[in-house]
Each structure stands twice: as structure tokens, then as C-alpha cells.
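Going in written order, the chains are labelled A, B, C and D, and every chain counts its residues from 1.
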């Protein structure tokens, strides 16, 4: 019973096949290969626009940090949720890539920024007062770190508030597919149509080996050369980039990414229902995607610990259970049997 | 006829197979997986020691920069050849990862640092004079950027000169296998036995997709946690690291990396002989590994340009031709036919 | 009526005289001059120890940031109060000088860190978990940003909690003299005897032109060369440093700094009493030093605004009034007359 | 006999008087004071333009680094002479302030960049090739580190070559007054009229305590807020900035700076003549300003060493003698007497 993380999962077989298929003959390095060229078309289709530039990166941390380094100067600040991945789990990557920008932490239930807190931070912002670090960007995460999904209207609303104060907007979409499945929004509706300047589209947790796509929309395309320079100097411009492109292509073709996210979300739903059926178990946050956070009574806590169920105790006292595209039915069955003993 | 770079080549089939084989079931993220654990044993065997720590990284640029950031403070300098990859081809990665250290450029024929220049730089070094940036590390490259190989005795000699002045030592081994084949040295003889503190062992150019190993030897193992922290915050700690380990395992098993480098070196030798057989063609540097640098008479220059032969004009007026593990015999034959027309 | 800041005040005449006195003949640059040499003795006397190294700096922001860059690595975090000067008023200087470290913000009334919050942050610290940024330093401020003084026992207690978890300790003493006067502690009791590793001793706000002293105590003296290197490369190693030393000498001689701080504290006390005598005026924080924070009823708010009294509205709704060594009695009289109209 | 450096000299009495004069009453911090406001008018007059913004800084190193951080991105490079102060004597300040840019070192006799080398570097520049670090700025120094002066036409010519390739231009004028005296150029002719974007105008070596002015001309004024933010976060925004402005005002009033530089240049000329009158003594570089570099025969070398004459052995085998505005006639007389013994 492994509910530790969707990053513990293997890749979907189609990803491996795509890598094998890309492995023929010499190909131009650094993005001139045929797979990367094809990927652009697939992304245009997926996002219903041609007004974008993109970069593929094996790392979600780097993708976020590269995006933020384009959107915020070294003397600026980025507003984000206090539990955001960029704050909690990236070991200072945004600070490193921006050259020392700050993260301004905002509270909010379920990993979603509280609107009042956002409005207060924005209205207090005064870029002309040189002594304080001004907000230059807003970074949202969807699916959030608490497994909840922002509706696209909420993303659009927050982005418009931020833009009204001159901020740039970033969406950390490490689990974007899960959020799209949860909300029914299209990729376009959740990104450029909602006012997002740069999207970090994660495919690793969805089912790739290691593949994230940084998409710059509209006017931010002007920063693409700067993004490339920063990717190069941070070691995120692999010569044989075709093998990253192949992963992305496999995931986006025939909407495989959405299919896999649908499966992961459903499994989580099932797991949540199973847990909540036990007296004393309550959800810490709504289960919108592929993560279940719940408060466990002591007895159940002891039970799953003894059984070696892999899951994480979370700040605030809950436990996090994550399902992936490949969480086997047998894990759910075993969990059901285990809970029956409580 | 593609002699543009060994990074344009595909991966060896064994690498793809290893990736496919690693793709089963959930595995601990970040290095706790079975493949990464196995790799340690293989590295110990390859380097004839247990006194090392290692990190796997998809990028050669990042591997070098991470290594250097451990060996040189932000207020220090790194001595290297003026044509070194870390100076010419990494877009300031060492400066970025170290937080602003300098590279001190030393001259020398064929990509090898001139001993007199090195001695002068070392004897002028005065870490106690706060106004000048002191040398804190020496970085050598083997195979050099000019395709020549340092003998292990030369590496050892330079390392001992550097260490006598308190410097740390780094070896950029992006094409280490080619240098080992050229010199007959063992991996141990070319690294820790020669006084190298940190080796960047490249497998990408040798035949992997993207796989480099940073090895910290002896007393530098104390810096391993710092290396990990820097890898994490620069986006070089992929959760599904088993797929990097799988590449490394495939390459090191049964000495595949040496077999592939032997093939690449031989093909280059053959190409060099073919070129030098033409009147007016001369080698710019000895062909020790898998790269041929030669001066071409105008007629031949025109011939290969018209034929679309892929190769690079190099600073200094020569042309660079690179052979990989998979350069087909047909490319050599085509080249022979082409040259026959001159 | 100018209560805007103690930095708006001129320097004490003794400081100007000292500068004039230092202005004779050629002197060795960068600290080899006779004034700087003499200063060491004066500091040893003031701090009752010889076990220290020091650097003089014209800037409080730089002094703090330099100190922190010695105490926290680029991949670490510094715990401080959420209203600390290093967070609010230095435009990211700590992030810049450390190369991207984080500030971990802790709450607490009156600018003093809440002990429970500190204990929680410390107990959650896990430097071996590479994915999270570990706390490496604790920075306290005394006088705090809210004008309150930590008792030396509190500083010692917090420092010992921090050190028990392996953290280094920093004291921002931009208004140290005011805190010493308030608590009756000696400089030694408030710094190295309380477990402070590096003290930033401010003299600018107390009465100098621009003069802060960074003191490294005990084992942290080993980092002095690194501090100097960082001072040099950040432009905080002036050749004619004798003019900074002269300011420090003037301030420390015959305890002038304490005399000036006593005067400033007394004036603030007087101002606070005057304000609090009005119905509806309440202190936001205890007035321990030379700053008064109080909540004003609307009528008085309007009165002082119309009269052009210089003071600052503060986050939380209070107003900040600062007295300096030279706030004239006439300003207090004018304030008394003004308040009489309410 | 102290010819060690013009930074070993005291300040001109007018500078001390100006500081004393500025020391009255409260004044707005951070540049709102009356002295700083007056200074703008004086600078406009001195530079014959109103199309500039300026920042005052106590440090020459910081002034250069701040200027360069505006003119070159973290992923770019700055062309400068291989003996430039920014390369040799600032401990990596440009790398620190830019966030890791490179210095591209160009050769040339007498501290002046060789035109052919400059043209080659410029023509090789390819900002669109992401793998190499492109030149983004040219930094000239006048007076050069070898004591020679660029003619204003040469500055203009080099600036125009640089601008034709899209580079920004910086002039390090730590000894600008000496260069102006040497060439007869006006401040305007040597800066904005010659195509300089940002000038670092040094007054410290000319006779101030510590006072440099960063001037942004024309279109670069748009970067002034960024410059201020960087000054703030590097600790170069002192609250009591009036004391820096006072120094600048004293130096620029009635052309005191030019008078002092004239004196220093003349003294150096006299010293040079005296030295060259001795058989075997030859100038290493022309004596254009206040520095004499000469090759000394062994006998004279021994003589001045025994006599404790303060001067510096210089890379290349010469000795550097520096005269300041206050080098006493008695030092010249003593030198004459000493040389008479040879």
C-alpha cells in the first residue's frame, strides 16, 4: 500500500515507447530535432493558440524557478500561498534563480490564497518606495498543495487583481491535469485565458519520467531569449532534448495526460470515501484531485502505521495519501481490508 | 555525413532497455530506489574504492557547476584553460552556481594548461590579500576541448601543484572514457589516485541520453550534504532518479562505456588519417580521442561545405569533426568518396 | 516638530571633531591607520574581552547582511521577527548577501519573537531533510522595531535555544545603546555573554554620521577573513577607513553613546507621558527606548496631521514617534501646546 | 616619502568644513536634504546637461559594480582591460552585483584597450547564440590603471564601436579629474558627449573622504529606480546622505576637484622627471596623470627600499609611485636627495 507520492510511480509505458522511438539516428541538439518541432504543434492544439513559446525541462523545481526568474527581479517579491511548493519544497530555488527575490507568504484554507489577504498585500504594494521589497509577481498552484482545485474563474479573478497592480502571473501546474479534470476547464481556460503569463505544466507526476513544460504566453514571449539563457546556465538545456520532447508528446497525444489524471483522481475519490466511512475520520480538505488529506483517529493511525502503509503526516495534523495513474486496485483492496479491522 | 557532435547521436540501445527495465512498480523517490542503490556498488568497482559519494545529474553543465560550487567560494576564483567548456560553453554556469566566483583563464596548446602559466598563477596567489580574488580551485578537462588527452601523470602533477597552494581540484570528464581509452589509464588512476577531489564523469556524450555522475572523493565527502542541497535548489534532484541511475548502470555494466569510447576513438583515428592523406590538410592538435581538429585547404573546405558535411569551424581557423559510438561506416565511406574528388 | 526618525538627526559635534582630527597626513588605507588601531582597544574595554574581531561599516543594512552571510549559507534560512528590519526595511539585503537564503518569519508582540513560535520553528528544523530549507541562524533585534527592549536574560535564553539546535546567533543592535540604557545591561551582557555570535553595533542612529561595527565573538572569529572578503566585494571596505574609526572612537570615548541614548530615551519617555495624558491615547507597545508607538483618537490624529508633526503611521494602526539625542526641548513644548488644544 | 596611493592621503580641508556645515538640524533622510538637492544643480552645471540622474556612494568599488549591474544582465559579459580595477582590485564585486556576469578581458598597452582586440571581441559577439555568454557592456577606465589617459576622441570611438554592436558603455572615473586635466577635455566631453551611458565619477582619490557619484545619462535614466533598489539592498543608501553630498559639493564648487588634480598631476610630472634623470630609469607608461610607473635599475631599487620609500612593485616589473593633491614638496626633496646618492 504505497500512497506516498505520485512521484514514486513508474512512467506510463507509452512514455517509454516514445523514448525508444526517438532513439534513432543523429538529430540536431538543443531543440532542433524532429520530435521537439512536432511538439510545438501539439501544444498549440492543446492550448488552442499559437501565441506562445515553450521550454521543456526535466525538473518541476527548475521550471517554477526559471519561470519566476523571468517574472520577478532580484530586488522584488513573489506572492504565494504559505504552503506553496515553491516555498516549502524547493530548498530556496526561487531565491537562487532570481538572484535573491523574496517570497511573500499569504494564508488561506486548503492551499488556496485567501482573497482578503491577497487584496491587502496588493493594496499595500508600493513599488516606488525603495526601502521595501515590492511584489512583482503572483504565483498560484493548481492543483494546490492541499489537493484542492482553484476554479478557472478564481484563477482569472486573482490574476486580474494582480495585474491591476502591475504584477506578473505564474501558475505552478505540477498537477495541472488533476485540476483540469476536477474543474472541467480546458488547458487554455486555466492558463492564458485566465490571465496567466507563464504556466509550468507538469507531466512528471501525471505519468512521465521527468518532463515539465514552461509556457510563455502573449507579451511574455519577449522574455523567451532570457528564459533560454537562464535555462542554459542552470543546466536545463540538455543536448539530447528530443528525449524530453518524446515524453511530452506521448503524454499529450490522444489526451493521455487527461486520461491518467482522471484515473488518479477517481482512485483518490474511492480511497477518500473508504477512509471517511470510518467513524472519526474527517477530510482536512476537499478531495478535488489525486490527493487525500484526512484527520485520523488514533486507532486508525496506529493501524496504518503497523501495516506499513506509505503515506505522509502533514503539517496541521492530517495525513496525506496520494494516488497515481497506476495505483493498483489491490492497494485499495488491501486498504479496505485493513480498515475493516478498525 | 554528420560529424557535428557526439551529443547529436542517439543513446545506445542498452540504455533504453535499462530505462524500460527500471520502469516497474513504485520506487522510493530521490535516490532510495533499488537501481540507485545498485549503482553505488558498480561505481565502487569501477573506481576501485569505497571512499566516495556521488550524485547523478542529467546535465554536464550543471554537474560541473555543482562540483565547482563546492570547491570554490563566491569570493574565490577557479583556474582553468582559456578554452575550457566551463568558460566557453556553459553561459556562466560556474558564476551562477558559485554565487559570483571568477574563472582565471590560463593558456596552453591543444586545450592543455601550460605548466609555466599554471606555476605563475599559483605562485602569484595570495589568499590573505583581501583585495584580489584568490584561486581556490583548479579545473582540468580530460579529454580536453581540443580533443587531446592529459596523461594521468600530468593530471597528478598539476593536481599536486595546485594542492601545494591550497587549491581544490576538479576534473571535467565529459569525455572521460575517450581519455581513458587514449591513455590506458584506469578510472581510479585518472581521478582520486591523481589527486582529483571531485570528478564530473560524463556518460551522455559516450552513449547515454543525459547522465553525468559527480563523484566526491576522500575528504571532500564532507561536502556531500552541501552538494545535495545545491542540487535540490537548482532543480537537479529529480524524484524519479531511478531512470538516471538506470542509464549509468547500463553504461558501466561490462564496461560498455569503454567499448563505446574505443569505437568512437577508432572512427576518429580513421577519419583523421583519411583527411591527413590529402595534401594541405594538417592536424591542429593530436587526435587522442573522438575529435579531429584540422586545418583545411580552401578547396577541401569548399568541397565539404557544398556537400553539407556537418562539422564546426573552430576558433583558430581549424574545423572540428566529432565521431560518436554510432558514427556509421557509411559516413566514413561517403567522406572518403568526397575527398577523392579533391 | 520632527519625530520622523533618529536618522534625520545631525551627528554629535564630537563626531565631526573626531573626523577633523583624523584628517592629518597620509595614513595606511584599509584599517592600518592609527585611529582604527586605537579603536580595537576601546572596543575591548567596552566589551570586556579581547576575544573578538571587528569590521567598521558605514551602513546598518550592509552590516546586518554581512553578518548574516557569515552565519547562514545560501541554502539555509534565518529565523527573525516578522517585523524585523532585515525583513521589512532592507530591500532583500540578506537574500542578496547570502546568495539567496530565506528569512523565516516568526510572530510575537511588540517586535519580540514569541517563545512558543520560536520553539516550534526550532523543533521542526531538520537540516538532514534536503528538500526543506533548514534554519541556520537566529537574528534578534534590540531595541526591537517596536521600540521594546529584550532583557539580556531573554536574549541569552533565546540564543541558548537556538544554539541547542545548531543555529548561529546574530543581534541587530542598530539601537543597542537605547536597549542597554533601558535594561541596565552592559554591552558584554547583551552580546557575547548572552551567546551572541555576531553583533551589529549601530552608532548612526545614536549620533554618528554613518558608523556601524560588526563584532565577531569567540569561535566565529575564524570567519573574519570571509567577512572581510565579503565586505570588500560589496563595497564596504573604504580605503580611508580612518574616518569611520574616528566616528566610532568619538562615540565610545567616555561613553558618549550611552549618554546620548540616555537623553533620547528620556525625551521619548517624556513624549509618551505627554501623549498618554490625553484621553483615548494608548501605547501600542511599552516605551523602553527612544521610540513611542501609540494609538491615537481621530481628533488627535487630525490635529498632528494639520500641524505637520513629522511621524509615521505604522502597520497595525499606531503612530511612531522617534526621539534622537538632539530632539530639542522646543519640539516637546510645541507638542505639549498642540495637544492642549485637543 | 609616501607614494603608496592617493587613497592614503587625507581629505582636503574644504571637505571637512562642508561636513561640519551640513551638520545642523534635522534633515530628510535618503536624499531629501537640502545639500543633496543643491548638488543636482552643481552636477548639471559641471556636466552641461540636465538629462541625467545620479546617486552618491561612499565606495568606488560599489559605484562601479552598481553601474555595471544596470548595464549587464546576470547572463551577460562586460568587456574591459585585463588590468582594469573592476577585474583586479574589486574582489569580484561586478560578479556579485550582477548576479554572476563575466568580465571579458582585453589586452592593450598602458592600461588602454587595444582597438584590434576590441573589434575582434565585438565582431565575435553573437547574443543570439545561447550557449556563449554575450558581451552586453564595455567598461573603460580613465585615468587607466597604468596612469595613462584616453583622449576623449578615443573614448568616443570605442563607445561608438560598442554601441554599434548593442553594448552599453561605462566609464570608471575613479581618477577622472586627473584624466580631464591631462587631456583638457570637459566632463561632458569625456562622458555623455562621448557616448558613455553611466559614469562613475570618483572624488575620493582626488581629495574627498569617500565620495563617488554614479551618473546615468539620457536613455539610461529609465534604469534609475533599479539602480536605487540595488543601492538600497547592497547597503549603499545611507540615511544621512547629506554628508556624502556635502563632500561632493565641496569638491565641485569652484572646480576644487580640478585644482587638486592639477596639483597631483604636476607633482607626478616632477617626480617622473626626477626619476628619469637617473641613468637606467625608464618609464613603463607615459605619465599622463598622477601616477608614475617606471623600471628601476637594481641599485636604485635597493636604495629606495632601504630608505623605506612607500611605493608598489607592479605586475610587469615596474614600480608605481602615486602623488596626491597633498604630496608635500618635502617628499619630493627627500626623493631628490635620495636619488642623488645613486
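Criterion: contacts are C-beta pairs under 8 Å (C-beta built on N, C-alpha and C of every residue); 3 or more make two chains touch, one makes a residue touch a chain.
Only a predicted model underlies this, so the values are computations on that prediction, with no experimental measurement involved.
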{"item": "Chain whose mean Cα position lies farthest from chain A", "value": "D"}
{"item": "Cα superposition angle of chain B on its copy chain C, in degrees to the nearest 5", "value": "180"}
{"item": "Centre-to-centre distance between chain C and chain B (centres being mean Cα positions), rounded to whole Å", "value": "50"}
{"item": "Between chain B and chain A, distance of the C-alpha-averaged centres to the nearest whole Å", "value": "34"}
{"item": "Euclidean distance of C-alpha centroids - chain B vs chain D, Å", "value": "41"}
{"item": "Shared interface positions of chain B, touching two or more other chains", "value": "74-75, 90-92, 96, 99-100, 130-131, 229, 232-233, 237"}
{"item": "Chain C-touching residues of chain D, taken from the complex the two chains share", "value": "2, 4-5, 7-11, 13, 16, 19-20, 22-29, 57-63, 65, 90-93, 96, 204, 209-210, 229, 232-240, 243, 324, 326"}
{"item": "Touching residues (chain side chain C, partner chain A) in the complex", "value": "74-75, 77, 88-92, 95-96, 98-103, 105, 130-133"}
{"item": "Interface residues, chain C side, partner chain B - complex", "value": "30, 73-75, 99-100, 127-128, 130-131, 225-226, 228-230, 232-233, 237"}
